[in-house]
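Look at the two complexes coming up: chain A is in both, with chain B in one and chain C in the other.
Right after this comes the complex of A and B.
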């Protein structure tokens, strides 16, 4: 439940009164209430985009009633929201029929469509192997979150696609794999092969660096250089894989603990140490 | 071109003095020749006519007493090149370069009227001497376009001489920001770009946002097929737009403005550029305007010509140098717009109305129009219409008056079928609704929209399914591809319509089309997608029988859809002139020589209709 502050407002979701905070989106509030609103182009770590249109809900503000993208639409006092009205279901169904025609083999699309009773689409498929729904998450995470901008949209309308400039290996891509992580359909993929990371979708290959401790390749040289560039000069960057970093952290922590315990023992006596151990 | 006298105007008083001086100066010219230099007339090579006038006047040593101006669009594009000769207001049309010496000789020097250059009323056959008496102009009310045919757009002096920048002087000198907004609110001015939102209200919302930095933008990204109103205002009277923006900026509290104009409008880009430079020289743009402490500068941002960039949020993205795609509203540009700051966007025609409203008053403006749509609207009247051109009419005028009284009806005596308003986002209005008054809400009520003012007239030989298909094809090309319903949905609407036009449709397709159109309208991200189904839905609503003829009888009643028509030649009507034989691209027509009737070989015919369009005797029939 949202913390009630001066910025709290009242909204109604599917007939139920709810508290929300100014600045929150309809999706955030509805999901907190346990409402089932599907999303495809939305990711918590990326700014809302409102493009896939499966998260549409019906809002009534004053006399106006309309379908709005819940991922982006801000709550306002007195807003009345319906997450599963006939209009919402109809619109989602049309969108899902269109997406199913575009990406008939995408499990994510197929499963979501089925949830709305769409098992087949009346529209033709251009490319049966298409898996990109053009949600733009890869482009947005690369540009807006990482500030790299290795990929972008090319062309427009039905010819729109995501890709690297001129469809050639990217000189900018750092191979961090954020695009792979956020892609909702698995269209964007990469493969680590020995000391090479192949960003398959972007036709780009990058050299992997081995962990200074265990020797396993774990991140691309370019990604580590990129992080190095973001850090202040006096902060050291150890080129260590997450697994080793974790075990090193555990090691350091337990060492620190034993020092604390020893110090406590000197001041609080044996009883204190026993108490501490029992915690 | 004469260098402008307007330089460093430091106060309203100086502006007034300059205006009076310019008026006195103008009196030394006994005759004024205003040749239309709009884009339509440029296509007729009016430049050659202007050059011919210039040479002829120089040759006869008349340049000190005759003032030749290349003005903006006069509107009657059908009849270009055009010239108005004052003080008598004589209106010559379809002028050729070889007519020029005669005009100078007989009319300018001799005071004679050259009858053959006058407009001839097609029905009464009367020759009409003055522009204002031509039916095309007689039913118009030209507020925004009033000065277009009089002033030279590339000379700020001309604009000042007709009272230009007086409204600005009044505003910055005597009115508070709230007073300006109140005047605009009271005038009832609504945005001319398509949405019809109350301009004063929009200004007020932007003004009331916090922060010191605010922007005003002029949307000159006119993209509807066949529409060229805004282009012609920028070309013909760019200072009226600048003055409107200055007044708006003062009311809103903006110190900077942008004009977003498509680069495909070279003359508009040039003329607004010249206007900005001259206004800066005149100190009407810049710091401490008219000595009042008000600062405002304008930048010109050229668009690459994407239809979607006329949508406010896409326009802002494009000005910022980002990909021109829309983003969901709210936040509205008035709340968070250009560079994240409150931004007020109005289109060219809206801005151009503002100085008039300030000068002549809110009540004067509100005195024209209907209860909820005030003032005039400029339309580009195109398609199957006798008088193609730009018309400015009072709101509330009926479509019938525009099409028949101003437009002169349909060419070749064919029957009117429909008019499309609002461009590809608008709807088709059938003959039964011709008495509909032109008004934002009336048009929306019948499934069309005012849009920015495109008005495409269609005759009985236009297939409504094919027209819907044409618009979907346009929108398919212009959809940015960001949201699913617009990108995928328009493609599939086009797919279904193409199938129907090819005779491969069935009755289920009509229901599918309707469901898809409704879905796209409800679910699309921006107004482009939201209104994209309008041509489909309105044609289905008013011309359903044509769809049914296509799918059930495999027949195209208008005889347009090539897969569904058979052309043949009526031997009784054929005079054997052979024109059809020459135009046929597949050599399907034989005969047609020495007065023997022509004949079409159906095996070779591709139903391109070239013979039908060419035949002067209506001998080609379509079944």
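Right after this comes the complex of A and C.
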């Protein structure tokens, strides 16, 4: 439950009164209440963009009633929200028909569409193998979160696509894989092959670095250099894989524990000796 | 195919000091080079710390930008509604056939680039053909042919 502060406001969600904070989005509040609102282009770590429109809800503010993308719409005092009205379901169905026409083979789109009873679409399909819904999550995470900006939108209208400039290997991509992680449809993919990470979708190959401890390739050289650049100079960056880092941490912890245990023992021993002496 | 990158620095400097938009910078760059050469875009990203992906996005979004060199002369056929009903498709088809290019393309000899536009706001003059910025109203296939021939002739007499 949200903490009640000076910035608290009251809204109504599906007839239920709820507390929200100024600055929160409708989606955040509704999800906190356990409402089931589908999203595709939304990611908590990235600024909202409201591209996919599957998160539409109905809001009533004063006399105005409209369908809005909940991922981007800010709450305001007295807002009345419907997350599952007939209008909402109808609107989501249209959106899903459009998405299904674009990506007829995307499991994510197909499954979500089916949940809304949409199994076919009246709209024409351009490329039956298309799996990108142009939600821009990959572009936003790359530029806004990582500050790299290796990929972007190109062209417009029906030719709009996401990719690397000039459709050639990127000079700036660090191969971190954030785009792979955020892509809702699995369109972005990468493959690690020996000492090479291939960012297949972006036509870019990067050299992998081996863990200083176990020798397993675990991150790209550019990725580690990028992190190095972000860290303050006095903070060392160990080029160690997560597995080894964890076991090193465990090792350090158990060493620390045994010192504590030893010290305790010693203290107990000391006390024991003192006790003996006092007898 | 070396492109002179010299002017890029100056263009970027004025962009930064005058705080103009990226679109304006690209417009000025295209005015300078006639198109947006790849190396020039890459140089811009080095100068002003803007991702190449963003420049490429803008350059491919707006129709007035082009990433390939333009022909010596630009033939622009208006295919807006008014020009369309007044016969623009016939003129366009004829030019396409005669030049052997589709809209957006440049002839192999680098002489002509054919483009289309949707309404130039001079509908009463339709069908409209704009040659290197000069408007030719109520154009016929015959007149278009003559214009083309005289340009081609001039180019032959004065090759660069």
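By our rule, the second predicted complex is superposed on the first by the 260 of 279 C-alpha atoms of A that agree within 3 Å, B and C clash if a C-alpha of one lies under 4 Å from a C-alpha of the other, contacts with A are read in each partner's own complex, and residues count from 1 in each chain.
Please note the rule applied: contacts are C-beta pairs under 8 Å (C-beta built on N, C-alpha and C of every residue); 3 or more make two chains touch, one makes a residue touch a chain.
Predicted, not measured: the structure shown is a model, and the values here were computed from it.
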| item | value |
| --- | --- |
| Contacts of A:122 with chain B and chain C, given as first, second, both or neither | first |
| Which partner reaches more residues of chain A (counting touched residues only), chain B or chain C | B |
| Touching partner for A:156 - first (chain B), second (chain C), both, neither | both |
| Contacts of A:56 with chain B and chain C, given as first, second, both or neither | first |
| Touching partner for A:172 - first (chain B), second (chain C), both, neither | second |
| Touched partner set for A:164, first chain B, second chain C, both or neither | second |
| Contact residues common to both interfaces of chain A (with chain B and with chain C) | 152-153, 155-156 |
| Chain C residues touching chain A - in the complex, by the definition given at the top | 38, 41, 51-57, 60-61, 67 |
| Chain A partner contacts - residues on chain B that touch it in the complex | 306, 323, 327-328, 330-331, 476-485, 487-492, 495, 512, 515-516, 518-520, 522-525 |
| Contact set on chain A toward chain B in their complex | 48, 50-54, 56, 67-69, 72-74, 87, 90-91, 93-95, 98-99, 101-102, 122-124, 133-134, 136, 152-153, 155-160 |
| Contact footprint of chain C on chain A as seen in their complex | 139, 143, 148-156, 164-166, 171-172 |
